[in-house]
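Next up, some structures in structure tokens.
In the two complexes below, subunit A is the common chain; its partner is subunit B in one and subunit C in the other.
Presenting the complex of A and B:
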């Protein structure tokens, strides 16, 4: 689904991502773990086109075949099917919860003349789809609120809903349960597991080890910009190198 | 009472014109996050386009208006495409874009000077019309048209931003361009449309100004200062704020010269601008932005 080949990114001499290669399989949850500063978020930024790599390829399987997405604009990568959840909550504060979802749903927003003539309304089925996701997430009471009025946990859920609604074939989730209370953490875990059952392809960064190892099919461990171990959650749990990185043993 | 009412009417007319300038300017600022001073140049260019179509080519009045507004949008689109877009691609800071906008303002005013000369021009569409008396105050039919046109345009603008999908996408880009791109909105396309729409509103302002007063190549700078002041008072980046600021400016100027000589009218605008920049830089309804 997604192949990272020899990806490199340096920031003023610091090797943030140093010759990394891995693959994300279709219908599986792949987790990227590692201590702070290990290069995980940079890796996500490279995949989503927010920063350009110094070297390497990112091959993404699309409807029209495999494409190297390096050098493509952020919105083009998004429209090809990579949907990203940020580490920090980033909703559009001046839009309502429902509008936050609808602007992400398709790419019809920019058709100027259709808009001017009032012909480009949100399709009823799309509004229903957005409303259904909000209902499923238990957010049906707050659809009319602006994002600025929500609690942190609600923002996280709305953002996840927006990611799911945004056209995608791969979901890239950066610390989906960071900072949320245990109830919302469990809700998000259930949502992710349901997505896995539905055959979604997910690439995940998460510091919460029990959460990550509990839901992932494959775990990649990064340290100082390099991939040091790849394996199943069980293999990772017992790997001495991982224990050394995390516990200093 | 007569003077008071006359000043209220004069304030509303000034406010309506300033708000049309500030409205387009604020829309462009809210999405692009830099001060587009060349907006004043677009007003000058649009005034002369209207003058050329109506007074020199003798096209029908309403056709001239429509063409002038469309061409104003085109001028805005081309400024963004030719000047700002290449700078953005080179990751230029907002300060560089601001300096470029001043250059474009001077360039457009100079173009009009070369083509049409330095003499003031007059568009005689509604001349020698008796003003209407309203409790002792006088208002001309054109001034009524200015106020009504502004109100219609504000309603249209509000509906456009609130109800249309492109309006929502503009608000999304205005809020957070990085996230907007992540969800698949093309920021560069939204920038273009904001220039087109903002400049079309400037085109409407230019037509109304051309009908109300004489036009000259250097008028863009003065008008832009008024529009900018209105936007700062209301809060840069907030379109409703810009409208509010424009009317406050109109009232302050007109009531100010009740006590002061009329030559101080522009000074009142500058004093207000300085006061707001010093004590309330986010304006009345302004939003705090993290600009580069």
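Presenting the complex of A and C:
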């Protein structure tokens, strides 16, 4: 589904991502873990087009075949099917929760004359689709609040709902449960596991080891910009190198 | 006499309303602090006037004025492709100074500081706009069209994308939105209506010169959108009435004209301070000033 080949990114001599290669399989949850500064978020920024790599390829399987997405804009990569949840909340704070989701539904809203002439509206079918996912996430009470009024945990859930609604074939989730309370953490775990059952492909960064190892099919461990171990959660849990660099044991 | 004075004020209110509503689209909804709006106003006024003197049809003059202003609005968006916030303001501020310099120095075309006098008012749909009352109706018809069109934009899904980009551009991009294109359209539409306001101004005053389109002209327009509230069209209309009418009593106090001008600026500053102290979001603003 997604293949990272010899990807490199340096920032002023610091090797943030240093010759990394791995693959993300369709219908599986792949987790990227590592200590702070190990290059995980840079890797996500490279995959999503926020920063361009110095070298290497990112091959993404689309409907029209495999494509190297290096050098493509963020919006083009998104439209090919990579939907990203950011590490920090990036909701549109002055739009309502419902509007945040409606904006994510399709790209018809960018057609100026079509919108001015009333040929594209937030009609019943679009609203129902957004409302259904909000109901599924237990957010039906807050649909008309602006995103800026929400608690951190609610923002996380709304963002996750928005990313699911956005067209995608791969979901890229950057620390979905960081800083949320245990109840929302469990809710998000259930949502992600349900998505996996539904055949979704997910690439995940998360510091919460029990959460990550509990839901992932494959775990990739990064340190100082390099991939040091790849394996199943069980293999990672018992790997002495991982325990040393990640848990400090 | 009094009614003629109020008709004059209402015409000015109408012209300022168009300028403010169109600026509200780019600043309040789009988050694009565009300080070049007065330049689009001037481009519209000069385009209309120069074409009219060449014998071009009135409607083509108006449309060309709007479209040329929109073109420069689009160009501004290209110039600020990777800029936002302060840098965008600086570039558009620079654009307003460049426009002023061109208007004052391209004397073969604009007559420079001498300006262009004798701009005729025409008969439109059988109505003679030399009558100020008729002209006021025309101005308010254009205000209505401008309000309707911009309200249509901001209430549509396209308007929500404009607001989404204002709130978080990277996030909008990551949802597949072509933010650059949307910003271009926003600035061009905003500039289009500023150009139309320029036509109305030139036709009403019947004289234009570069001093009518200097940077200081943007101050009352920005004041209007802040006091009306960012992201609010009804607030913008209300604030236009307030900002144009409140300094008017100064005329009747008996001060000399050299005092009335600065006193007007002091009144503007006081209004801004009072409103922002008691209503930081303006009358009907939806977002905080940042």
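We take it that the second predicted complex is superposed on the first by the 246 of 249 C-alpha atoms of A that agree within 3 Å, B and C clash if a C-alpha of one lies under 4 Å from a C-alpha of the other, contacts with A are read in each partner's own complex, and residues count from 1 in each chain.
Operating definition for what follows: contacts are C-beta pairs under 8 Å (C-beta built on N, C-alpha and C of every residue); 3 or more make two chains touch, one makes a residue touch a chain.
Everything numeric here is computed off the predicted structure, so don't read it as measured data.
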| item | value |
| --- | --- |
| Side-by-side fit of subunit B and subunit C on subunit A, or clash | clash |
| Which superposed partner A:194 touches (first subunit B, second subunit C, both, neither) | neither |
| First, second, both or neither for A:68, with subunit B first and subunit C second | neither |
| Touching partner for A:94 - first (subunit B), second (subunit C), both, neither | both |
| Touching partner for A:232 - first (subunit B), second (subunit C), both, neither | neither |
| Contacts of A:140 with subunit B and subunit C, given as first, second, both or neither | neither |
| Intersection of subunit A interface sets (partners subunit B, subunit C) | 48, 50, 73-75, 78-79, 83-84, 86, 90-95, 99, 102-104, 107-112, 115-116, 118, 120-122, 162, 166-167 |
| Residues of subunit A that touch subunit C when the two form their complex | 48, 50, 73-75, 78-79, 83-84, 86, 90-95, 99, 102-104, 107-112, 115-116, 118, 120-122, 162, 166-167 |
| Subunit C - residues contacting subunit A, complex | 149, 152-153, 156-161, 163-164, 166-168, 170-179, 181-182, 185, 231, 286-287 |
| Contacting residues of subunit A [partner subunit B, same complex] | 48, 50, 73-75, 78-79, 83-84, 86, 90-95, 99, 102-104, 106-112, 115-116, 118, 120-122, 162, 166-167 |
| Contact footprint of subunit A on subunit B as seen in their complex | 160, 164-169, 171-172, 174-176, 178-187, 189-190, 193, 196 |
